[in-house]
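Listed below are the structures to be examined.
What follows is subunit A paired twice: with subunit B in the first complex and subunit C in the second.
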Partner chain A sequence: MPKIEFLNVTKRYGNIVAVKNLNITINDGEYLSLLGPSGCGKTTTLRMLSGLILPTEGKILWDGQPIQDLQPDERDIGYVFQQFAIFPHMNLWENVAYPLEVKGLSQDEIEKNVEKYLKIVGLENKAHLFPKDVAAADLQRTGVARVLARGAKVLLLDEPFGALDFKIREQFQDELRGIVKELGLTAIHVTHDQSEGMAISDRIGIMKKGKMIQLSTPTDLLFNPRQIFAAHFIGEANFLEGIVVDKLDDQIVVELIGGDTLSVSRNIASFFPGDRVVLGFRKGFAKVLNERISDNNIISGKVISDRYLGEKRRINVKLEYGRSVEIMVLPHEQRHSEGETVNIQILPENMLIYHYPKDGLEKALEVT
Partner chain B sequence: MTKITLKNISTSHKSGSKLDNIDMVIETGEYIAVLGPTGAGPSEILKVIAGLLPVASGQLLFDEIDVSDFPPEDRGIGMIFEQFQLFPHLSVLDNLLYGPRMRREDIDKKIEVAKEIISMVRLDGREDAISRELSGGMQQRVGVARAIVAGAKILLLDQPYRALDAKIRAEMRVEIKNIVKGLGLTAIHSTHETEEAMMLADRIAIFNNGVLEQYDTPEKVFDEPRTEFVASFLAESNVWDITIDNNQVKLGEINIKYNSNKYPDKSYNRMVLKQHAIDLFFNADNIPNNWNSFNGKITKVRLLGEFIRVTVDVNGIEFIVRDLLNPDLRDPLHLIDEEIILGFPVNEVNLF
Partner chain C sequence: MVKLLNFERFLSQRPFRIVFEVVIILVFVSFVLLPPLNLFYTVIADWNGVYSLIFNDDILKNSVWHGILRSISLSFQIAFIVTIIDVIIGIPIAHVLARYDFKGKSLVDTIIDLPLAVPTSALGFSIWLFWSTKDGLSFLWNGDIGIFDKGPMLLILGHVAFSFSYIVRNLKGVIEEVDVGIETAGRTLGGSPISVFRTITAPMAKEGLIAGAVLAFTRSLGETGASIVLSGVFQTAPVQIVSFMDTFRIAQTAFLSLILIIVSITLLVGVRQYARRVGLPQPVIYPTFERKISSKAVVRTRNIFSWMFFIFIVLIPSLFVMIYLFMNFTKNPITGDTTTGALYQVFDAPDRKWNQMRLSLIVSLEVALLVTLINVIIGPPMAFLLVKRKYWGKWRVVLDAAVDIPLVIPSSALGFSVFLLWGGLGLGLTTPGVAMIVLAHLTFTYPFSVRPMISYFENLDEAYYEAGRTLGGSDITTVRKIILPLIKKGIFSSAILTFTRSMSETGATLIVMGSSRSIPVYIIDLVEQEALPAAAFAASMLILISFLLLLLARFINRSDN
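Now for the complex of A and B:
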């Protein structure tokens, strides 16, 4: 329901900058995920919104109104953690009712709310059970029902599926997104699992070292990562260095270090001959060909390994000038033997291009 | 450097575990992955080898010596856990030397060894860093280095990379395996991830409910699963109740061809089809020979990062397909309600 805005928000702990100059708008009814390596600032962002910590600089607006001066319990926010935080000596009904009793609601209102929200999370038949008698997913459902019953309009979810088994996790992801959308809530979800972020979110924010790197829809992040780190962090990609040698109407031509050339046809407006660049391509977007059927965006090399990993194979290829790339293919595609010469084709529209980072490529790809 | 033999090992139900009559040989220098649901056996096997879980019956041999009654500290084992288990306030070097100091070994000699191993795990220059200030990946490297300095001949790795980010995890897997192989250590690695097991292991042991379901090379367990559990546990799969009729699988109104040389009986009643074994086609001309193919309609699409999962309805039967994200699918969510042809090789039909 509410729209949340972070305006130039920074959080420092002494000399350590946990979140730097964050500017994001989370739309009314949006399901947004924050993804990034440990220590990137995603949980700090949640904690600032919840009021558990205060920003050092900047403002957080709730439907246009600053909320820095509001205490956590004045913010209509529900916080759901990985560890459930359910009282073991109360049954599920009592757990959901507890904050309403503390709030001083009448018995009628408490009963109405608890029943309504236990039903929404699918626990109406388990209300009498104690935490020790139900599965982990039901404990987390109880946690969600409790924050909803308290009247939360914004849900903050910090790795909420972390303690659940894989199969249950997916089912619960669908359930949770359904609840958020049905009730028109705004949700901000922190996770380190990119497939979870992809499945559940309207938009995903990628953070690194306290900064927002890219905030986009899941498909946009996969197909149009605007920074090298986003291309590296979401999915898997190869990166090669080169220099722009030609610019045509709809393509630019890049000479790779070592001599091969590759053309790029998307997001090329800001590149000109002489620019030092990094080219990228997703490991699943390249084709491995036995013969050089054309010269259309092909680089050649020798197979170092072709590893079968069950649901995919990873083919490592050493290019003629020393660099290695890895290609992912489905298991039933042709196998290649060690030392075999292969041609890797990446169509110009599937190439990614970036200006060479000022601190070097290795630093730009660094996850820690 | 040590061969490990488990002979008819069972644990007591009273211990909360239920390993049942396990027979396994782990050759010297082998890297073994153990896979299975939580509580089904993988962690228990590690604990039995480490001496942390008592054996109710059977024998545990290290190089033909029965070590069943040896205390954990006399087994020459290093354990690497998800939670690192370092002394957080000690430096890298002091963490490595803690064991030797307690055992009153010659520390001057051990310092030299420790520095060599610190270099081997790529922590040069960080000997004096306080361990809690290191990244997760670095702390895990310290854990491995500590086990090696302590003279471990066997490394037991219990979900060692679970707490690490995906990118770091991928680097660490390769790095630690290279160190283990370089030193000729015998390693047993428990994990929940099939890809991790397939990538690292010489052989994979799959446990279910305390029973060793299959113990074989990665290719064999994946391509020739001996049980329904193994087939469906290793990869996300479609699993159905079926009947066999006229040398074809009958699934609802659908008839599916299968390899009758591989499955000569007629008494099968379950079919497992891995999600990634199914391909989607817009044109029937592209379907290879010896494949099953059916017309269907896409009902659900789920992005999984580098993969995509598509649910297809074929005559009321739901097929779930897992495919590499394709550059042609820039707008995958708009595939819903599209008519599609679904195909899979005859050889991918697993019957039980």
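Now for the complex of A and C:
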């Protein structure tokens, strides 16, 4: 059963570094997502594992054995493509039979296996159709059946839902995770859609500019993002600059530029008075109050807009000293009119705190 | 099955792949780059000899040089006039074909392509029959002589007939590439059709239009097969190469070939490099004037004129040889003399022309088949390497242009450079004859098997190959089971193109054939022997074969969509 390790893997194209010193371990049976903006190196990582491209430096281990120089056909992997890459000159049945044929199996075995895997993805009735005659979702089901038939232990999924309609994606996510778990496979799934990553994965790796920023469970990423970028990319967060003014037993107090103070109660061990910091809080983890009921962790400002955003509402508030923040609330909560003064409360345990980044906040939040 | 898969896996290993790629690249170099380079080298190495023969002969002084200058200048003048006629009359036809849908469009499309099926020597013969003999146009009023004698006028008519369809096809593709939406935007913003074409479509299609014009120019400059029949005493440069070669004046042939090759390659490279930077005539708009000439009446007149031109200057003269054959099939239509009928001349006359005709047809078929087979094997891999391999770097652009060299250099000059490289004066691999015809044809058809495949590979989604590999196929297995089936139509239609071209080539064959005859050359022989009905018989036979192949290619391309 495969356990995959990347050891100091680097991929360069001329002067451009696509992946830099990557070290990750993927456990057997794990569903892992690689998430990040385009150009972050997630697809390069996937392709190095597939053998379609070779790393410039470093090792890739498969149960301890180095595989970084093997050809794609010598690895037990299955690659599922964003644009499906279903062979247009073969019908769905022949597409699924291809990996069995190139393995040199007998006709009997081929037939048995093709039927079996077509059935797993629910295409047994469409086997005779050609790619041009079936819907996008069925093309991707064929793509999955095809790699299962190859006997792949590790599925490499390159934006597999990227070319599918929004509505069908969620259903397909459940379907795919179900198949992977039932067959005991390992899956590595590349996506730039954070909700897809959160919904489908056991663990998520956030990548930026060729580096792994954080690799942890969806819960951990949501509640304990270890870097500003991770907090920014998963979920939605507001960031405010300030200086630590006091350190108590269980919390520290930060004075924001402009005068308000906020307390933080988690992950505070490395902060001391005088430190320049960035505070963050999730847009959905704040409350909007009409009156300043207590002084505890409240910032106030004027409402700029209050709009529906699908099933949520987004309130944009301009703070007294110029910065603005956004808060997500449920639709049935009280509406606010433009210019109204509101108080925003964030509990100390919902505050995120980071040392002020060397290159500035803007740079740390940059997506490209 | 398992054995085959294992064998393919074995051959997919890196060392084999490297050997294979090296061989393919060597073939490219030796077919395309080496002959012209060797020619260049020969002239430079023997410059003193060349100089004294051409510029400083004891008796002739520099009269050879003057002869060369005369033929080159004639070639340039003709090419220039032909290009202007082709482009001016071709654009309206190309525009109609690219932009409008009408009933019978595909038929019109095929008719436009019809002259392409006429081999150049047959075309020259046909044009000459039509304009210069009393059996041609003059027959309508029982004239005693033709309208034009052999010479510049006839050469222009011949070159227009032979290049027009290429240019229309080319311009059509160029216009099709300009987004209709942008033209529509120009129209809804108040531009008249002519203004929009001149200030929007033409600048956007600039590179293609210029490339089309240069194509017309180089084709006319290099045309040999028809010109031999049409030129009379007014030799164009490619015809002069053939006549130099007839008397085995190697130095002169080499010198003239080199000049033509340099001119053609300069044009090719120049266009690729500079077409982007050239500005078309200033974008000032003359609203009233251009609206006036955009009016229905003017446009209709212009279109009718263009089509009439095509029908009466290009189509009918090109195919006239078949009408002539029909009239002279069994007997002369006026005298009723059966000994001047095609049937008697070919089958019953004591010199047994059919034997020779059959032999030359077999030579042509053999050569074409062999050439097609070899090029189908070596062409697509080269296209693949050009598109997919990264090791070319900047040279990719240069090599991409180099693929087209055999297309633009005059076929007689090409034939000569092949003769010089592979023949007794060069590597000594073979002597003039069928083998050398094959080598010459391999060279000039090489672009047909590479060029279309380049765009096929560029459009082929890499993911199919990657899917084939990641699903467990070895390199070669994936190529066999996935890539080849996906590009087989491209290969097939370029094979037909190669075959047709090889069947109808004249200029290069004349240089390298030795005592062998191909059917297009035999047509010229028959014309020189004044066995016109027999020549018409051979020409019509060749046109029919080419036309059927052309239809087949169209059919294959059609089913592609």
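Operating definition for what follows: the second predicted complex is superposed on the first by the 365 of 368 C-alpha atoms of A that agree within 3 Å, B and C clash if a C-alpha of one lies under 4 Å from a C-alpha of the other, contacts with A are read in each partner's own complex, and residues count from 1 in each chain.
By definition in this document, contacts are C-beta pairs under 8 Å (C-beta built on N, C-alpha and C of every residue); 3 or more make two chains touch, one makes a residue touch a chain.
Since the model is a prediction, treat every value here as computed from it, not as a measurement.
J.: Looking at the overlay, what does A:Arg150 touch: subunit B (first), subunit C (second), both, or neither?
T.: A:Arg150 sits against subunit C, while subunit B stays out of touch.
J.: Is A:Ala199 contacted by the first partner subunit B, the second partner subunit C, both or neither?
T.: first
J.: When the two structures are overlaid on chain A, which partner does A:Ser216 contact: first (subunit B), second (subunit C), both, or neither?
T.: A:Ser216 contacts neither subunit B nor subunit C.
J.: Just subunit B (first), just subunit C (second), both, or neither: which does A:Asn297 touch?
T.: In the superposition, A:Asn297 touches no partner, neither subunit B nor subunit C.
J.: Quick check for you: in the superposed arrangement, does A:Leu330 touch first (subunit B), second (subunit C), both or neither?
T.: first
J.: In the overlay, work out which of subunit B or subunit C sits against more residues of subunit A.
T.: Subunit A has more residues touched by B than by the other partner.
J.: Examine A:Thr45 and indicate which partner it touches, taking first as subunit B and second as subunit C; both and neither are also allowed.
T.: Touch status of A:Thr45: no partner.
J.: Please indicate which partner A:Ile77 is in contact with in the superposed arrangement: first for subunit B, second for subunit C, both, or neither.
T.: Touch partner of A:Ile77: subunit C, not subunit B.
J.: Touch test for A:Pro99: subunit B only (first), subunit C only (second), both, or neither?
T.: Once the two structures are laid over each other on A, A:Pro99 reaches subunit C alone.
J.: From the superposed pair, tell me which subunit A residues show up as contacts to subunit B and also as contacts to subunit C.
T.: none
J.: Which bits of subunit B are touching subunit A when the two form their complex?
T.: Within the complex, subunit B touches subunit A at residues 37-38, 135-137, 165-168, 192, 194-195, 198-199, 218-219, 222, 234-236, 274-277, 279, 302-307, 322-327, 330-333, 345.
J.: Could you list, by residue number, the parts of subunit A that touch subunit C in their complex?
T.: That would be residues 50-52, 71-73, 77-79, 81, 83-89, 98-99, 101-104, 146-147, 150, 156 of subunit A.
J.: Give the list of subunit A residues in touch with subunit B in this complex.
T.: The touching residues are 37-38, 165-166, 192, 194-195, 198-199, 218-219, 222-223, 232-236, 282-285, 307-312, 328-332, 347, 349-350, 367-368.
J.: In the complex formed with subunit A, which residues of subunit C make contact?
T.: Interface residues on subunit C, with respect to subunit A: 1-2, 5-6, 9, 12, 461, 463-464, 466-475, 477-478, 481-482, 485-486.
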